[in-house]
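Two complexes come next, and they have one chain in common, chain A, joined by chain B in the first and chain C in the second.
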Partner chain A sequence: MHKNQSTELLFDLSRAGRRCHRLPASDVPAAPLKDLLPASALADAPPPLPEVGEIDLIRHYVNLSTRNMSIDTNFYPLGSCTMKYNPKRHERLSSLPGMADMHPLQSDESCQGMLALLFEMQNILGEIAGLDAVSLQPAAGAQGELTALLVAAAYFRDRGEKRTRVLIPDSAHGTNPASAAIAGFDAVSIKSTAKGLVDLEDLKSRLDARTAVFMITNPNTLGLFDDQIATITELIHQHGALVYLDGANMNAILGITRPGDFGVDMMHYNVHKTFTGPHGAGGPGSGPIAVRKQLAPFLPAPLVTRQGERYELDYDRPQSIGRVRSFFGNVGILVRGYCYIRTLGAAGLREVSENAVLNANYLLSRVKHVYEVPQGDRCMHEFVASARTLRRERKISAMDVAKRLLDYGYHAPTVYFPLVVPEAIMIEPTETESKETLDAFADTLLRIRDEDAGYLHDAPHTLTISRPDEVKAAKEPILRWKP
Partner chain B sequence: MDPKDLRYAPSHEWSRLEGDVCTIGITKFACEQLTDVVYIELPDVGDHVFTGDSFGEIESVKAVSDLYSPVNGEVVAINKDLEEDPGIVAKDPYGKGWMVKIKVEPGSSLDKLMTLPQYEKQIASQDH
Partner chain C sequence: MSYVLNTPADQQAMLKQIGVASVDELFRSIPDALRLKRPLAVPPALGEIELTQHLGDLSGRNQSAADAVCFLGGGSYDHFIPAVVDAVAGRSEYYTAYTPYQAEASQGSLQAFFEYQTLICQLTGLDVANASLYDGGSAVAESILMALSVSPKRHKVVVAGSVHPEYRHSLTTYAANLEVQIATLPTPQGFLDPDDLKAAVDDQTLAVVVQHPNFFGGLEEVEALGALAKAKGALFIVSFDPISLGLLKRPGQYGADIAVAEGQCLGNPMSYGGPYLGILACKEEFVRKMPGRLVGQTTDRNGKRCWVLTLQTREQHIRREKATSNICTNQGLMALKATVYLAALGPQGLKETAELCLRKAHYLADKLQAAGLPLRFQRPFFKEFAVKAAQPLHLLSQLLGKGYHAGLPLGRWYPELADCFTVAVTEKRTRAEMDGLATAAAAALRER
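Presenting the complex of A and B:
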């Protein structure tokens, strides 16, 4: 069954005069537009908005939505993204009128319950991190990185220190150097060893009085916990610099170890990934940061504080870097995350990580004899396999495998990242998948290995769109509909 | 140009020194790794480049990579054709796909760079 009806652009479906609803005449006297707005603000004609009937509009979105792949429909082992299942209970709780219908400009007195929840969330995230103070404001992980680096810059400015460089391992997420650059630092790349860990000699050779921050993802993007971390953080601190943890991979270590305990000074969480939130396809996210005591005065204002029995938003923070997000961040995701954490409790969170690591290792053991894993045969919550032998021997690339998985009803893993692994296939199953799902996925990966290379080059064969022309899309993007 | 006459950097740039002008491009192996090239950013004529520093960027559908200069010197020519059609690099990496020409200090040499057999050994060991 092809669900193609009304899936053209709404502009193409548009017919003059068609409407979903016809509103009654306004009983408020209307003033001519030109009396309300200056001439410079008025267009010559109204914008050409599409005009469609409700049935076309509904079919348009419902049919398009059926082409989507989501965690509610398919296994989604997208490495580095922690696409775990999000229990519907959190959706229900966060849509309760007392949560969803609040106005961000309400007085503190009228939203004590929400402030109490956010205050507790600050404390919980501080405890899981092993750090002293938390800002819930950043809207997602990358903004958390930027916020923490701005906090670090303010800290060094306050101390009268001129530090200009941020050191970043070459296996890091691309957002790390981007955040460093936007925060006004120079990003310096640190090599990885053949085992995929930080090259200590390279780190030492680049560490000096110019170093402000060392950013590390631990476990890293290869799914490996860098067991040199205590040595690394000590080394950084000896040079007066700070250690930042990219918290993208917190799903591997909840309740098992704490970043603050292994020497990290600041970190971000991805509440929507590690805890819960309907993420993928652009959010909404939530990227709170946790920092050590000496950095707390510089956190974005306001924070939630408690005075006796009363909660309030504390704006009186003279050294704060200021706001990084309107109002109080993506509160809807913070509420979901809070529900998730409170439901599982401390023991449950530890089990999350244990099962995430177990699932990843099980999958690794099922596929590593075909898709080699250059960085060893044990992993944390994810692993990076490689299609390099397949490509050399049978001309089948990581991209071919990823595209073919779509035909079998699996979301593709992350491919070609991290850049340090050739033909990378980065797989993160998460703790919410059953053994049957993992086995079925592993069987499929092994079956694809034996398929005809030519057939794989043209995959996917069952979707509405097969292989878009990525070069043309990048070079000549059509960003605007024109009649 | 014959790949045998070129010198190679670990980051997959090739160089050829003729008089005091060094021509730089990227290897066939690098092109295969990058897959389809979308965009190439080159320096301006007159810019100074330094050994080991980035002189430009190459963007493919997979990633954006820096281009590293194996020499110090001044840019005397860039391959303008690559702006229009970056695909030339993959089609003819050692010929029409050259990227920049750098005027180097008198007495400069490429001795520190790899020969073709050495480079082939490197890529065999990291065979992608």
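Presenting the complex of A and C:
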């Protein structure tokens, strides 16, 4: 059986008069439309959507789904994104009518169970962060960054301080400088050392009274815990600035160390990574932020508060920055994250990080003699290997390795990021994979080394398509089907 | 319990291979002084049975739309979700997949997003749509960031007061530290009077933002407003209700430059506010200023048609601080649901859904009027309308006691409308439910 059935587009399936969903007849008096709405507001015809039958619709999307790799079908050793198993109980429980069929603006009296859950989630995320207050509103990590930077701007404005710059290590995610720009700051890049840590001298040379925030990812994108962190946060604080943690890599340190305890003033979580809301082929995420007490007044509204036994949404926050989206937040993902944390408990959370780090180090030790790891023999939850020797000796690139892995049924690792490592292959196995899976993956990586270079340049060979022409896609963009 | 598979024997074998004696040694880079020396203070672990009971208890303390008939709107609606939507979105090949950067391993999602972009173009009558933003509120904010990069010399934004208050609030929050002045025009008659807009736009105006149908459910004079914006060279940005486009003219037909929307109504549960779907579509000429991911068609090495993420030089992972937006993770799964929803309805289904909403809303408005709740505005409306009532909070609380989420009190956002609430009606509401609400409202008002 091959996976090439229904390669046509949804629009090719359309036949005039076909229907899938049918509506009931109206049970109210049928007044002419023109009595209800002005003719000038009405369209001549409804939008030219496709007309398809139910079985065609289902076959189309079920067949299409088989052209995806996914956690449920493949191992994803994908650095920087923590692609762990998504427990099925979360899907069931988050779709209970008492969770999914809740209107965001219904009265507090009518959603005490929901508010209790969200209140508990605020507290739990504060405890894991070692910080005082939490906003669950941001829809994703990048929006969490923006929210926190807006909070920082409001904090300094309130103190009458004019600080214009945000310092960001050159190894940081691109969202960091992009968020800084929207929040009205100038992004200033800080060098990394050859070991991938913050270059303290460069940081000192750029740190001054204009600095509002230093953003750090720790463990960083190379999978290293920056052991200078206490010195760094002290330095930043001496200059009256704030430390922000990009929490993308929290999977390495749950219950082991807390950002608030190493000097961080504010941070975001990626609930869809660390706490396994599924990735959904690119979203939804959820990016709550945690902050220190002095920043709490500026958090977006509302927060959940408890008055005795009663929970309520607190909108009365006069110093708040406002809101970054409509309604409370990506609650469906927060419910999944809550279920996950409640399943694990304190010991389970720590076990996550211990085994995420164990798995990454094990994989590192199995492949480092072929795919050298410039940053050394130890890592946290992920490591960045390099294909530079393969490139030099056999003309095999990191991209070739990544694409060939697809043939073996593995999702490709992140490649060519971070930029500080040539021919980078960024690998994060997560804690939910077994030793057998890691061994089989390591064996495959080693086997690829010995394969024919030309064959690797043409990989993948067994998927539904070969390498796409991305230059053509960007040069002559076709962004929609046209009849 | 965690989902860790390593047995103690596995762990020993792995540590031996690594060359360390204990897991703790792997954490040596974290200075001892920074370590947490106690267990996290989080609630105790629960097995699946206990967790199911716990979530059952919590949801039992909520009155969902399954417990009380939902007439709440304001951007989130109790529309029907056909089973095909959940059947497709429940495929774990979709919901457990990663962002489709590896095109060869993601053709399923990429093609679905390409189809989504096409459906949104068909729906709006505009040329291009992105692969989703977070929600209707941040979509308005993103549309202004986009406008700033289209017309960098203009700095004034004019927003109708009848735009969803939380969308306006999202915009002012995003723009707090940018060079933008936002003027909100009052809408005392429940819509933006074109004469008021005329007085407010000039050749420094970056964009005019309206919502149609607006937050009170009423129609705006979109053609006149668009012409006024255009006359001054300002972009015309419209926040629309996707369901309304089964009947109403499409944004592309009345001159919108950028159209944004909350796409929750397209197959997504209300879920207490998220995850939702931010829709953004625009004219072709602005494509390189768009925020967020775009899927494009191309060919592979064998000339076979396929799909990739494209025009990525707009995005944060390439352009960093010069990116058109900071968005990375979007709402892919919600876009997939919207795709299946729109395909399941088709043109006729969307039209019938819109007609049912329209007719039922007007039926209920008449009934409530007869019950003593007069319409607040004399405007044509689609599926939502504002009524006037003394002490609306008390009345709404009484009606909840009778089994109705009857409406949204407006006082939180509009102090001058503290004696009003809005009522929304979807195709799911039956005549019996509406008669029941009207009877309960009349009884509650009589008891006063």
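We adopt the following convention: the second predicted complex is superposed on the first by the 455 of 483 C-alpha atoms of A that agree within 3 Å, B and C clash if a C-alpha of one lies under 4 Å from a C-alpha of the other, contacts with A are read in each partner's own complex, and residues count from 1 in each chain.
Note that a residue touches a chain if its C-beta (ideal position, glycine included) is under 8 Å from a C-beta of that chain, and two chains touch if they have at least 3 such contacts.
Quick caveat, the model's predicted, so the values are computed rather than measured.
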Ask   = For A:F225, is the partner it touches chain B (first), chain C (second), both, or none of the two (neither)?
value = second
Ask   = Between chain B (first) and chain C (second), which does A:P284 come into contact with in this model arrangement: first, second, both, or neither?
value = second
Task = Mind working out whether A:R392 is in touch with chain B, chain C, both or neither, as first, second, both or neither?
result = first
Remark   = Per residue count on chain A, the busier partner among chain B and chain C is C
Request  = Kindly classify A:C20 by the partners it touches after superposition: chain B alone (first), chain C alone (second), both, or neither?
outcome  = second
Query = Where does A:I256 make contact in the superposed view: on chain B (first), on chain C (second), on both, or on neither?
reply = second
Request  = Quick one: classify A:E470 as touching chain B (first), chain C (second), both or neither.
outcome  = both
Inquiry  = For A:P422 in the superposed arrangement: first (chain B), second (chain C), both or neither?
reply    = first
Request  = Determine where on chain A the residues touched by chain B overlap those touched by chain C, and list them.
outcome  = 470, 474
Query = What residues on chain A touch chain B, complex-wise?
reply = 388, 391-392, 416, 419, 422-423, 470-471, 474-475
Message = Help me check something: in the complex, which residues belonging to chain B touch chain A?
response = 33, 36-39, 59, 61-63, 87, 126-128
